[in-house]
Each structure stands twice: as structure tokens, then as C-alpha cells.
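Some structures to go through are shown next.
Consider the two complexes below, in which chain A is the common component and chain B and chain C are the respective partners.
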Partner chain A sequence: MHIPDGYLSPQTYIPMFAVTGAFWAGALRKLKTQLHAKQIPYLAMAAVFSFLIMMFNIPVPGGTTGHAVGAAIVALLLGPWTAVFAVSVVLIIQALVFGDGGITALGANCFNMAVIMPFVASWVFRLFRGQGGQRLSLAAFLSGYVGLLAAALATAVELGIQPIIAVSTDGRPLFAPYPLSVTVPAILIGHMFLLCIVEGMVTMLLLRYFYRHDPGMLKEAEAL
Partner chain B sequence: MNNKIPAFLLENKPYPHSRTVTVKTLFIDKAVGHISEFYETVFTNWETARKDGLFQRLNARTKLLFLVLFVFAVSIKKDVSSDILIAIFIMPFVVLSKIGILSFYRKTLIAGFFFGLLPGLPAVLNVIMPGEPVYRVIELDQPYELWIYHVPQTIAVTREGILSAMTLTSRVANSVSITLLVVCTTPFAELVKALSTLRVPEYFLMILSLAQKYAFIFLKMLADMHTAKKARLIGRPDAADWIAGRLAYVFKKTQQRCDDVHKAMTGRGFTGQVKLASLRAMTPVDIIYGAMFLTLWFFILII
Partner chain C sequence: MMQRTLWIGLAIMAFLVPLGIVVPQVFGSGGAWGEWDAATLGQMLGFLPDGLRRYAGMWNAPFGDYDIVMVRSRPLSYLAAGVIGGAIVGAAVYILSKFLSKPVARPQEHE
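Entry: the complex of A and B
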């Protein structure tokens, strides 16, 4: 899911920085008006929480592993705008410390995982949640599942349009070489059957844990 | 000589459990392994950033300029020869910055292989990208049309495909080497402060800086919890519930820690106005290097 440097053309990554920058500015304005200065360390800790979730690589069939992004659960517990901030911070740290995801692709990676995913997860949760615990688990699972699927689709589209928008004079793709007909099924199938399930499970298990042990926290989250 | 060990301790009886128990926490162990990797990476970077090398002596703003200019240059160059030129240009800086050259290029090549060559390999075939065949792989009895996909009769490696995979690999390796050079020679806190020159709001930078510090605290907490749990573990744990419980616990703990941190910040004069400590002033050497990077960047762009 983390797009490395070299896969996106400037025609893609520069606009992606602009769009994500607009969301960062929006998140900043929103958080400045809603949150007290007291919550500055709180946002940093939300970022670390997402970082921790990404550390757990869960084995999936086929010998590979997958990890959740954590954007959905952060969005459900703290609100989508907080998740925009928290997950972006994690992605920046990962790019700068681990080289996970490129510097030029940072705008696109943040857009996919820190913007699309939390908002889609929040909307799906609101759509499916009920009053009882059963609907809550289902809504939490679906919010994680659909949130990550939407982020994966955005990634596939960003990569798949490269052979259309950036080619050499002899028609050779200059960046990601695979067309949409390859990137969309390749990325979506892997996510639909493996990684989205992991994300959905993590979101559901954590939300269920809070529902059982700290229901007050969920009431606060619903108000966001 | 008689010993004083009680008789029941001298009996050689098997362990009272009737069945063999397996403790399946391997993937949790791997996660804890990732935590150690985080520490290792941060400390290695911190160590190399303290060395007395060329890049270490430069101001973080100059290095940020280098990073932005050259990652951009790599991203717009369209051929392997330009990438090789950029790689040759970077090498003296790596040597002069006293970064372990073998480890540096090992990381770069590994990244180039896993993120460039490996994902780019299928593109060398004319099934993905049509082009001039240079090596015939397989001959089918006829071409096939599978939904929106076209499988040609002769599946071959193409010249365009090879060039595309090579460009992707060299571009990924170059971008990683530029990023590594800056990250390994600059303390994270300085790099974050330097981002303010790109008009990144200080509010955001403070959260970024705090998050990196908290990562240490909470990752250690999680690793300790796992060690404590494993030490007392007999039988099969419910791994999913355990992870959910520990992550939820860390989440609650982070909330509690917020109050403490805010009190500590207020006690040190924090009034809500975020103001990061400023970077050291640019010296003439920093400006000369900045100008040199700009000149080389222009040179790379026009060739």
C-alpha cells in the first residue's frame, strides 16, 4: 500500500500533495477550533497508536503477512479529522525513518491512507451501526474493510493511470508500468481477500473491547 | 554421603500435564521483532548523525534542500544513464559523510530489488507491455483474448519492458540512497525543524516530533507486556483477543499520559502557542553547499 518513490509521475504526485495539503490545512483548522492546547500530546499519541497497529503483521494464507493501517479505528475512536493528522504523522515518520513509502509519493500515500480511509470508514460505520453490540461489531468490521478497500482502489488508480499520462516518445511507460486493467484487479483482489479482512478484524476487535470495557469512550467518539 | 534433598524432589516423574502444549505466539514475536527494528534503525541513524562527516556538518535546511531537489530530479529523469550519473554524484557524499558504505549500498540495493526490480519484472513480458521482442519465452498455438486481456501467440521479453524495469529499479534505488544519506546524517528532531522552511505549520511539526518520542515509550511498553505475558504463558493463548486487549490498553494508557505530558508542558511555560526551538543559523559553508547543490541540480536537469 505504501507507494515508493519512482512509481508516480510529477503530474500525479504534485497534485496529490496539493489535495492532501488542503486536507491537512482543513484538519489543522478543525482541530485548532475543536481541541484545546491540551490535546497536542493527545494527537501525537493517536499517531503512535496507529503506528503500533501497523507493527502487528498477522500471518495470512500463502505464507505472507499483512498488517492493519489503523486509520479506521482511530477515525472511529477520535474522529476522521484526528485520523487525518495521526495517520499522516505515522506515514511521514515511516518514510523518513524506515524508507517505507517514498518522499515524492508521500502526498499520495497520505491521501490514500490518511484521508480516504478514515472518512470512508466513518461513513460506513455510521451507515451500519445499530444500538446493540452485534450491529456495532458488524459496522466496525465493515468500516475497516471498506475503508481499506477504498484506499487500495485509490492506490490502484494512481498507479494504473501512469502508463496513460507519462510515456516516452516510443510509447514506453516512464513510471509504474502496469495499466489500470492490471493494477486494479491485482491490488484489489489481494486486499479484498486478505488485508481488508485483517483491517476489519482489528477494527472490530478493538471496538468490541472498548464497548465491553469502556463504553463511555464510544459515546464520546460518537459525538465527534 | 547423605544429601538433605527431600525424597519427593529426587523422584524422576514426568511433568503432570498429560498433553503437549504449544505456545503459538510467533507472529506476536515478529511484531516485537519489528519494535526492536525500530529502535535499531533510530539508534543507527542517531549514531551516524553524530559522526564528524561532511553532511553531518551541514545545516539541516541545506540537507532538506538537497533531498527535495534531488528526489525531484530523480523522479523526472527518463533514462537509466541519468540515474547512473546521479548515483555517481551521490557516492562521494556518502564516503565523505563517513556512513558505512557497505551497509548504505546494501540497504539501497535491497530497496531497489524489492521495490523496483521485483514488482517491475512482469512488465518485461509483452503480455503486459507490447514492444520489440528480444528473447522468446514461450510460443502458444494461437493468441488468446481473455476478457480485457490480450495474450499474444509469442510471449517474449521486450526491449521496452527491460528498459522500463531498469528505469524503475534505478529510480527507486537512487531515491532511497538520497533519502538515506539525509536521514542517516541528520537527527530526526533537526529534520523536523527544517521542515518549517517548507512552511509546514509548527503545530504539525510539534506533533510529529512528539509522536517520534512517544513511539519509543509505547513500543517499549508493548514489548514489555508481551515478554511478561509470554513468561507466564502455559497453553494456547487467544492471540487475537490478546492483541486487541493490549492495543486497547496502550490506547487508554496514551490518554492517561496526555494529562501528565500537558501538565509537564504547562509547568515549563507552555501557553498553547506552539514554538519550536530554532535551528542553528546558516553559515557561509551551508550557503556555499546549498548553491553547489542547486548548480548540480540544474546540470542534471539539462543533460
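Entry: the complex of A and C
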């Protein structure tokens, strides 16, 4: 899901930087006013968690691999804006230090995994948890599942529109070559049947753990 | 107490990271879909899109592909990348959020 350099045209990656930049500014403003010193270790842990879980490549039928992202549980425990910040830092370091995801694609990659995913995850969680939170486990699973699926869909769309908007005079694609009819199933099927289930399970198990050991944390996250 | 448990959990996770290399190998899986390097994509298509030629390789990451070249074995170099990367990410977020969180008592400037 980490789009490399050269796959997105400037018509795509520049606007993506603008959109993601607005969310970065929003996240920084939010953290400046609301971040308590005692939360800082949790932010660091959240980022380390997201970094590490992305290293667990899982084989997907068809010969490729994918991974969970961890942004959903971060959003549920620390709020979506905190997730924007923590997961963006992870993605920036992955691109700069490990060459995972392009520099020009950072706006898009952060938008997919650090903006879309945490906000969709939070929204789905609120939608399903029910009055008094009696459906917490289900809501947490769906939050991770749908959050990652939304990130995958955004990635597939960004790649799939390239042959429509960036073609050379002889009709050959200039950037990512495959149309939406290829990118959407290629990326989504592996996510729907495997990776999103993993993300959902991880989100559910960790949420249950925190609910048992530190229910106050969830209450605080709801305010964010 | 809780924080110590969580850090230990993350450390355990870091040491399991080589599974992210070994398990796909067992299944004979390649990389992620849509993240091929320029050479691979060029082979798949029979030509290399101009934009890809222009942008691919514009940045030379010190530990590309999570490979710490000093470590010969791929699973171990991946483990080293996990530990180093985890430390960088944790430190970066820690330091940045120190700056963002309200300073407890900044001495007031007097004119």
C-alpha cells in the first residue's frame, strides 16, 4: 500500500500533499492544545506499534503480500487526530530511511493510511458500538476492517486513475500503468479476505485489552 | 505498570519481525502488489513509463527494503531494521510531541 516514486503523476501527488498538509496542520493544532505530557509515551508506543505491524508481511493468494497498518486501534485509543500525527511520522520515516513508499507519494500515502484510515475507523466504531458500548468487540473489529479497506480503496483509485490522466502522445501511460478495473480488484480482494480481517482482529483484541486494564483511556479518546 | 507491559509487548513484537520475511518465503510470495521497482515493472510491461524513469530512484534510502546490509542473513537484517526503525520512530514521536505538548512552566519573559 506504500506507493513508490514514479507511480503518481504530479497532477495527483501535488494535490494529495495539499489535502494531507491540511490534516497535518489540523493534527498539530489539535495536539498543541490537548496533548498532556502523560500521553506522550503512549503516542510513541502507538507509532512504534504501527511501524512494527507493517513489517509483518502476510502472503496473499496470487503471489503478493500485504500487511496491517495499526492506524485503527491508534485512532480508537488516542483519537483520530493523534493517529494522523503518529502514523504520518511512521510513513515519513519509512520513506526516508527504508525506501518504503516514495518521497513524492508521501502526501498520498499519508492520506490513505494516516488520514482516511483513522477517521473511517473512528466513525465506524462510533456507528456500531451501540448504547453503553455493549457491542465494543464487534465495533472494534469492523473499525479495523473497514478502516484498512478504505485505505486500500483510496490507494487503488489513486493508482488506477493514472492511465486516465497521464498519458504520453503515443498513448502510453506515463506513470502507474494499470486502469481502475485492474488496480481495484488486485488491491481490494487480498484486503477484503485476509488483511482487513487481520487488522480487525488486532484492533478488537487490543481494544479489549485496554478496556479491561485502562477503561479511562477510551473515555479520553472519545473526547478527541 | 501498564506502560512497562506495553513496552515489553512491543519488544516481543520487534523480535518476531523476521516472520514478515520468512512466512512469505515459505509461501513463495513476492512483494506487495503495485510496489514493483522500475526494473520489474519495465519487464512486466515491456517498456518503462517515462514518469517512472524520471522519478524512480530519485531518493536513495540508507536502508532500502529494510535491509541493513552489514547483516548478511536477510531475516536478521530485517530484524535489525525493525529494531533500528522502531527506535527512530519512537524517538521521533516522543521528541515531536514533547514540543507539541503544553510546556509545564515556561519562564515568562520580562521586558
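Definition applied: the second predicted complex is superposed on the first by the 197 of 224 C-alpha atoms of A that agree within 3 Å, B and C clash if a C-alpha of one lies under 4 Å from a C-alpha of the other, contacts with A are read in each partner's own complex, and residues count from 1 in each chain.
Everything below uses one rule, namely that a residue touches a chain if its C-beta (ideal position, glycine included) is under 8 Å from a C-beta of that chain, and two chains touch if they have at least 3 such contacts.
Note that the structure is a prediction, hence the values are computed from the model and not measured.
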Partner chain in contact with A:168 - chain B first, chain C second, else both or neither: both
Partner chain in contact with A:96 - chain B first, chain C second, else both or neither: both
Which of chain B and chain C A:155 touches, first, second, both or neither: second
Chain B versus chain C as contact partner of A:205, first or second or both or neither: first
Touching partner for A:41 - first (chain B), second (chain C), both, neither: both
Partner chain(s) touched by A:190 [first = chain B, second = chain C, both, neither]: second
Chain B and chain C contact sites that coincide on chain A, given as residue numbers: 4-7, 9, 28, 32, 36-37, 39-49, 51-53, 55-59, 65, 85, 89-90, 93, 95-99, 102-104, 168, 172-178, 213-214
Parts of chain C lying in touch with chain A, wherever the complex brings them together: 2-3, 6-7, 10, 13-14, 16-17, 19-21, 23-24, 26-35, 37-38, 41, 45, 47, 49-66, 78, 81-82, 85-86, 88-94, 96-98, 100-102, 104
Chain A partner contacts - residues on chain B that touch it in the complex: 26-28, 30-31, 34-35, 38, 41-42, 45, 67, 71-72, 74-76, 78, 107, 111, 115-116, 120, 122-123, 128-129, 131, 148-149, 160-161, 163-165, 167-168, 171-172, 175-176, 179-180, 183, 188, 191, 201, 203-204, 206-208, 210-212, 214-215, 218-219, 222, 240-241, 243-245, 247-248, 250-252, 254-255, 257-259, 261-262, 265, 270-272, 274
Interface residues, chain A side, partner chain B - complex: 4-10, 13, 24, 28, 32, 36-49, 51-53, 55-59, 65, 77, 85, 89-90, 92-93, 95-99, 102-104, 163, 168, 170-178, 181-182, 201-202, 205-206, 208-210, 213-214
Chain A to chain C touching residues, read off their complex: 1-7, 9, 28, 31-32, 35-37, 39-53, 55-60, 62-67, 85-86, 89-90, 93-100, 102-104, 155, 159, 166, 168, 172-178, 183, 186-187, 190, 213-214
